[in-house]
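The following blocks contain the structures, represented as C-alpha cells.
There are two complexes below, and they share subunit A, which is joined by subunit B in the first and by subunit C in the second.
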Partner chain A sequence: MFRLGKTTLVAATVLAMASPVAAQETVKMGALATLEGAFTVLGEDSMRGVYMALEEFNYTAGGKKIELITGSSDASPDSAIRATRKLVEQDGVQVMVGPLSGSEGLAVKDYAKTQPNVTFLNGSSAAQDTTLRDPADNFFRFGTEGAQWMAGLGEYVYKEKGYRKLAVLAEDYSFPYTQVFGFLEPFCRLGGKAPADARFWVPIGNKDYSSVIAALPDDVDAIYVALGGADAVNFLTQYEQTGGELPLIGGSITVDQTVLGSKGRTRDFVVGTPSAGPISDTWDDSRWAGFVAAYKKQFPDGFPSPSLFAHAYYVNTKAALLALDTVDGNLSDGGKAYRAALAALEFETPTGMVKLDERRNAVADIFLTEVAEGPDGNLLNKTIKVIPQVSQTLGLSYDEFLKYGAVSRENPVCE
Partner chain B sequence: MDARQLFSGNSLLSELRPGPLVAVAFLLAYPAFASDFFIFQIGAYSLILGTIALSLTMLAGYGGMVSLAQLTVAGLAGYLVAILGDNSVGVMGLGWPWWLTVPVAILGAALFSVFVGAISVRTEGIYTIMITLAIAVAFFYFVRQNYVIFNGFTGFAGVEPPAIFGLYWRDPAPFYYLTLALSGGFFLAVLYASRSTFGLSLQAIRDNPRRMRALGYDVTLHRIVAYFLSGLIAGTAGVLLVWFNGRISPGSVGIDVAIDILVIAVVGGMRHPVGPFIGAIAFVLLENFAIDLIDRERFNTVIGLAFLLVVLFSPDGLLGIWNRLRDKLRLGRNARQDARRGEGGERQPAESLEQT
Partner chain C sequence: MGDSGAGGMRQFVERHTFWAIIILLAAAVLLWMIFAVWPEWLISAIGRKKTFVNTLLNGVTLGGLYFLVASGFTLVFGLMRNVNLAHGSLYLLGAYIGYEVAEASGNWFLGLAVAFLAMAASGVLMQVLIFRRMEGDDLRQTLVTIAISIIAADLMLAVWTGTTYQFAPPEWLFGATTLPIVSVVKASGDPVFIKYPIYRLTVLGVALTVGIGLWLFLNRTKIGMMIRAGVNDRQMLSASGVNVQLLFALVFAIGAGLAGFAGVVGGTALSIAPGEDIRYLLASLIVVIVGGLGSVTGAAIGALLIGLAEQFGLAYFPTYGVVLTFLIMVVVLAVRPQGLMGEG
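And now, the complex of A and B:
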C-alpha cells in the first residue's frame, strides 16, 4: 500500500515539476459529469457534448493544444467537490467545465470562490442560485437554468389550453423547485391556481406513485409533472394503468428523448403534452440540424438526438474555447483577461445567440414544444414557438426579481 | 479488579519496533513534501474515513458485531454540528460556540450509537447487520424528507471549522495535523482498550457469550458500552468530516457510503486497528486515481475488481497480505519472537483474533 502511495507521489512530483514547461504549449481543461450513479446515462451524453466542441476546434484554441482531463461524480455535492478539487488542485486544470445537476452546481460555485485563478464554466446544472444570489466571480453559465427553461409555458397553457387549476407533481430538490417556480409564476399571475394541497413532492428514484395518483384532486384541469428519467417513465406507466385521464404538462426533462423512447401504451398517452426547454428535437433550423448531424456522425451509438445535457456541455465548452481564441491562449495573469473575454462573449449556438448577464448567467432562446408522433412512428417534440432571449430575471430588474424570494415548495403561493 | 490490573497488559512502549516508528515519522513529516491536494484530499480524508472504519473494526473485530450504522452515527454528529453551530443555508444554525457544539455533537452521536446498540446487541451475525442496515436506511430517508430540522435533500452548506490560535483549520496542513492527532489518539486508545480488562472480556464475549454469561459477566452491558465507545470515535470523525466537506446532505449518509465504510474495514483488515487506515488509504487513492488509469466509463469496475481481488486472495485484507509477506521475509526472526511471546503467558489480541 505504501509503495502504491509512494509511486503516486513520485508521479505527482514529476508531473508538478513538468507542468510549468508544459503550460507554454497546452491548456489543461477539466470536464466533470455524473459518470456513476442514477444520472450516468445523462453524464455520458454530457461528455459527448464536450468532445463535440473540442473536435470542432481540433483540440486547439488560441494557438495552444487543449488537454482534456475528465472527472466523475455521483450527483451528490460532496462527490462533485472531491472530483473538482482533484482536477483543479492535483491535475492543475486552468479551465473547468461542469457539473451536471443542480445541487452540485451550488457546491462547485462555493468552491470556485476559493480558487480565484481558475475559470469555471457550468455544465448543465440548472439551479437558480448558482448565479442569482451570491454568485462567484469566476463561475460562468452559458446554458440557461430551470426557471428560464419554462419561459412561455405558463402563458401557453393558460391562454391556449385554457387550464385554470392545476395539480403539481415533482421531485423534491432544487432543480424541480426552480422549474415549478418558472412555470407557475406567469401562470398564477394570469389568474391560474395550483393550491398547496394539490402539489406532490416525491423523492428522486420514487417507484410507487399509487398514493399520489389516488390523492390527485378531481377538480383540476391538468397535472404539471416535473420528473426526470426513470421517475417520469414510472409515473406515466402507472397513471396510464390506473386509467388516469387528465392531460399533462411536462417539465424540461419529463418528456425528453429518454422517456419518449420507452415502449408501451404510455407513448400514445403523452401525445399532445406541452413542455418547454433549452432545446427542441425538431427545430427547423440549419444550425440545429447541423448540430444533430454532427452528433450522430461522431456518436453513432448515442441517443437518436442530442439531449439537453449534451447541448449544455457543448455550449459551455465552446464558450471556453472561443474565449481562449480571443486571448490567444494566454492565461498567465491568472486568467483575468480570459474571464473578461468570457464575460463579453456573445456567440452563435445550435439554438441561437447566447450572451451573459452581469451575474454571468446566459440569456438565450427557449423552445416551447408539444409531444407529437413523427413520420416514422417515433414520438418527438414538435416546436410550437421560440421564446427569444430569455433572461434569468424573466424580463424584470434584478432587485424586483429578488422580491419573489428563493425557489421552494411553496413559491409561488398561487392559491 | 483494581487499576493495576487494568494496566497490566503489555505496555505499548516495550513494543516499539522500527516499522511503526518510521510510519509515525512519515505521517508527521508528510505535509513537508506533499502537495496541498495530497495533504488534504488524500491524507486528511483517508484519516477521517479510516477513523470511521476504526469504530467499525472495534465493534466487529473485538466485539463480533458488524454494524452498518457507523457512518450514520458519524453523519448524525456532522448534522448536529451544522444544526447547532452555523451554516449558510438559513435553516436551523442555532449559532452555538464551537466548544459547546462539538462535545454535544459527539456525545449525541455516542448516545445514538448506544441506542443502535440497545436495539441490536441481542441479535447475532446477519441479523445485527440487517438491523443496523435498517437504521442506516431509515436515517437516510428521514433526513432527506425532513425539512424542518435537517433541510431535506439540500442539507447544509457553509459549515466552517472554528478559528482557534489564529489558524484557519481547513487549510491543508492544520487540518491534516488535527485529523492525524485525533485519529492517532483513537488508534492508540483502541489498541490500549483491546488489552484492558474491558477489551479482553469483550473479546471473550465475542468468542463465547454463553460461557461469559455463566461466569457472571453482563454480556449486554459490555456490548452496549462498546457501542458507546465506538460512537465517540465515529462521532468525532463525523465532526471532522463535516469540517472537511464544509457541507452535509443526505448523500453524505447514503447507504452506498455506509457500505464503503464496511469495504474499507474489510479490505484493510480487522485484526489490528491499523487495518482500517490502510484500507482507507487504498480506497481514497483508488477513488481519486482509478479514473486516470482506465477508460472513464469503467473506472468503478477497476475499484470493484481491486477490492474483490484483495478479499479473494486475502480474507484478512491488506493487513493479512502485509503480514504474510513479512512472515516470509523474516521467517526465522518471527519464529524466535513467537517462542518468546509464548512464554509471556498473556496472548496478544492480534493473535487471539486469528482464531476467529
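And now, the complex of A and C:
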C-alpha cells in the first residue's frame, strides 16, 4: 500500500512539473460519441459537428491550441463511462464534450461529480434528469433535451390533425421516455388518449419489428414513433412492407437526416409525417443556411443536410470554445472561472439564441416540422412553426414542473 | 443425422406413446388456432388472432434466416471442431459486397450469387492460410477468429461507414400478399384475410430449400458421406485415403458462402449496419447451443425455437422479450447440455 502510494506520489510530482509547460500551449478536449452499434451513423455526424466548431476557431481558443482526443461508446451507459474515464483519467482532458445517447448522459453526469476539476459539456444526449433532478455542477447542456424538443407537437396533432387516440412505439430507455412524456403531456391534457396497452417499448438495436407491427392496435388514429438510427430505418421499411396504413408522428430523431438520408429505398410514405426538434432542415434563416453551407463544404460525403446530432455537438463544442476565449484559456484554477463563464454564456447558434437555466440546461428555440420532398429528391424536414425559447420546465416553475413526476413508460397515464 | 423418415417415426410413437399423443394434440390445437375464426373468450385471453398468426409467421421466417446463418457455423464446427467466431463478419461482409454488386448491376440476384461466391472464396482462404497452420489447436483457432472478427469489423466500418444500408429487392418481392387465413369476420359477414410480406415468405422458402439441399448433400452424395465420416472420426477418415484438407476447404467454403448468402437475404429482410456481425454471431451461437453443435438438424430446430421465442417475446411482452431466448438456452444447458440433437 505504502509502495503504491509512493509511486503515485512520484508520478504526480512528475506530472505536476510537466503540466505548467503543457498548459501554456494546449488545452486537451475530449469528444465522445457512439461510433459503434445501432447509433453509429448518429455518432459519425456528431463528430462532424465537433470538427466544424473546431475548424471555425482554427483549433485555437483563448490563445491556446486545442488538442482533440476522441472516444467511442455504443449507446450503453457503461461503455460511455468506460470511454469517458479513459479520456479524463488516462488522456487527461480538461474539457469533455459528449455523450450522444440519453442513458449515457445520465451516467456521465454522475461520473462528472467525481471529477470536479474537469468541465463536461453534453453532446446530444437528451434525457430529462441529466440536468433536471440532482444535476452535476460541472455538467452543461447547451443543446436542449427530449421533452423540450417535442414542444408544440402534441397540440399540433390534436388540433390540426385531429388525432384523438394514439399508439406509441419507442425504444426502452430514458431518452424516448423523455420524448414520449414531452409529446403526450400536452396531447393528453387536451383530451387525447394513449393507453398503456397501446405503448410498445423495444430494446435499442432491435431489428425485426414485424411482430410489433402485427400487435399494433387498429382502432387508433396514428402511431407515435420514437426510434433512432438503424432502428428507425428498420421499422419504417418493415412497416411499409407489411402494408401499414396508419399515419405516423415522428420523435425528434425518427424522421431526421440520419434516417431520411440512409442508403436504399426512399421512404416516400413518410412524407407528411409531423415531428418536432431542435433543428429544421429547411429553416429560412441566414444563420441556419450558413451552417448548412459550411457543413456541406467541409463534409461533401455527409448527409444532404446536417442532423440534429451534428448541430448539438457543434453548439456544445462552440460554447466550450467561446468560454475558453472569455477566460483566455486559463484553466489553472481547476476550471472554476471557466465554468462561471460557461454558465453566463449566451450566444447565437445556427438555430437562434441559446442561454442556460440555473441547472445549466439550455433554453432555446424548437422547430415544429413535417417531412417533405426536397428539390433534388431528398427527403427533408420542412418548418411549420418555430416555438421560441422553450425552457426545460416548459414554462412552469421548477417546483410545479417536478409535480409531473419523473419520466417513465407510464408517465403521463393518458387513459 | 440420418434416421430415415417413416421407420423412425413409427419407432418413436411406439417408444414414447405419451409424448407422441401430446405432440399430435399440440399440432392440432395450433392448426385450429391458425385456421379457425377465434371465439370471443380466446381473444379476451390472448389478444387478436391477427397478432398471433403474424407473430407465428414472423417467428418461423426469422427462424429460417437464423438457420441460413447457423447451418454454416455448425457444419464447420461439426467437421473441424473450429468455433469460427468470425462467422458474423462473413455474414456482414457478404451483405456489403452483395449490396455493392446489386447496386452497380441493378440485379439483386447477381448480388446474392456474388456474395455467396466471394464469401466461399474467403472461407477457403481463411482455412488454407490460417487455420491449417494451427490444426488441432482448438483454443488458438478460436482466439484467432475473434481477432479476425474485430479487425474485419473496423475495416468494414472504415469502408462502408456507419450508415444503414438497405437492398432494393426485385419489385415483385416487395409488398404484402393476402393469405387464405381469416383473421376476423366483420359484422357485415365479410371475412378479413391476413396480409403478410411476400419477401418474408420467400426467406422461409429459401431456408427450406437450403435445408433440404444440405440434407440431401450430406446424406445422399459421396462427399456428404465423407463429411459425415469426418464428423465421427477424422483420423480414421484420413487414414482411409481421403484428402481431408480438401474436404475441410470445401466445408469451410460452403459454411462461409452460406453466411454471405444469408447476409444478402437477411439484409434485404431487415437491414445492414455495423454491429450486425455480432448480432448474427450471437444468434448462431445460441441456435447451435440449443440445437447441438455440429448437427444440421439441430440447427434447424434451434433456429425455429429461437426465432419463435424472439418474436413472441417481442409481440407479447416486448420489454422482457430478450429474456425468453436466453431462458431457452439456460433450460437446454441445464437439462441437455449437449443440445437437443447433439451427441452425448
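Criterion: the second predicted complex is superposed on the first by the 392 of 415 C-alpha atoms of A that agree within 3 Å, B and C clash if a C-alpha of one lies under 4 Å from a C-alpha of the other, contacts with A are read in each partner's own complex, and residues count from 1 in each chain.
Basically, a residue touches a chain if its C-beta (ideal position, glycine included) is under 8 Å from a C-beta of that chain, and two chains touch if they have at least 3 such contacts.
What you are looking at is a predicted structure, and each value in this text was computed from that prediction instead of being measured.
Annotation for the three-chain superposition on subunit A: subunit B and subunit C clash.
Of the two partner chains, neither subunit B nor subunit C is touched by A:P195. Once the two complexes are overlaid on the shared chain, A:P247 sits clear of subunit B and of subunit C alike. Legend: residue contacts after superposition of the two complexes on their common chain; A:E36 is shown touching both subunit B and subunit C.
When the shared chain is aligned, no partner comes close enough to touch A:G352: not subunit B, not subunit C. When the two structures are aligned on the shared chain, A:L106 is found in touch with subunit B, with no touch to subunit C. Of the two partner chains placed by superposition, only subunit C is touched by A:S211; subunit B is not. Within the superposed three-chain model, A:S79 lies in touch with subunit B and out of touch with subunit C [touch as defined at top].
After overlaying the two complexes on the shared chain, residue contacts for A:D172 are found with subunit B and with subunit C alike. In the superposition on chain A, contact of A:P116 is made with neither subunit B nor subunit C.
Shared interface residues of subunit A, touching subunit B in one complex and subunit C in the other, are 35-36, 44, 74, 172, 203. Across the complex, subunit A is touched by residues 33-38, 40-41, 45, 141, 144-145, 152-155, 157-158, 245-247, 249, 251-252, 254, 256, 278, 281-282, 285, 287-289, 291-292, 296-297, 299-300, 318, 322 of subunit B.
On subunit C, the positions that touch subunit A within their shared complex are 47, 50-51, 54-55, 58-59, 62, 157, 161-168, 174-176, 195-197, 199-200, 270-271, 273-276, 279, 310-312, 314-316, 318-319, 321-322. Chain contact summary for the complex, subunit A toward subunit C: residues 35-38, 40-41, 43-44, 74, 172, 200-203, 205-208, 210-215, 229-230, 233-234, 237-238, 241-243, 261-265, 409. Those residues of subunit A whose C-beta lies close enough to touch subunit B in the complex are 1, 4-5, 8-9, 12, 16, 35-36, 44, 47, 69-72, 74-79, 81-82, 85-86, 89-90, 103, 106-107, 110, 172-174, 203-204.
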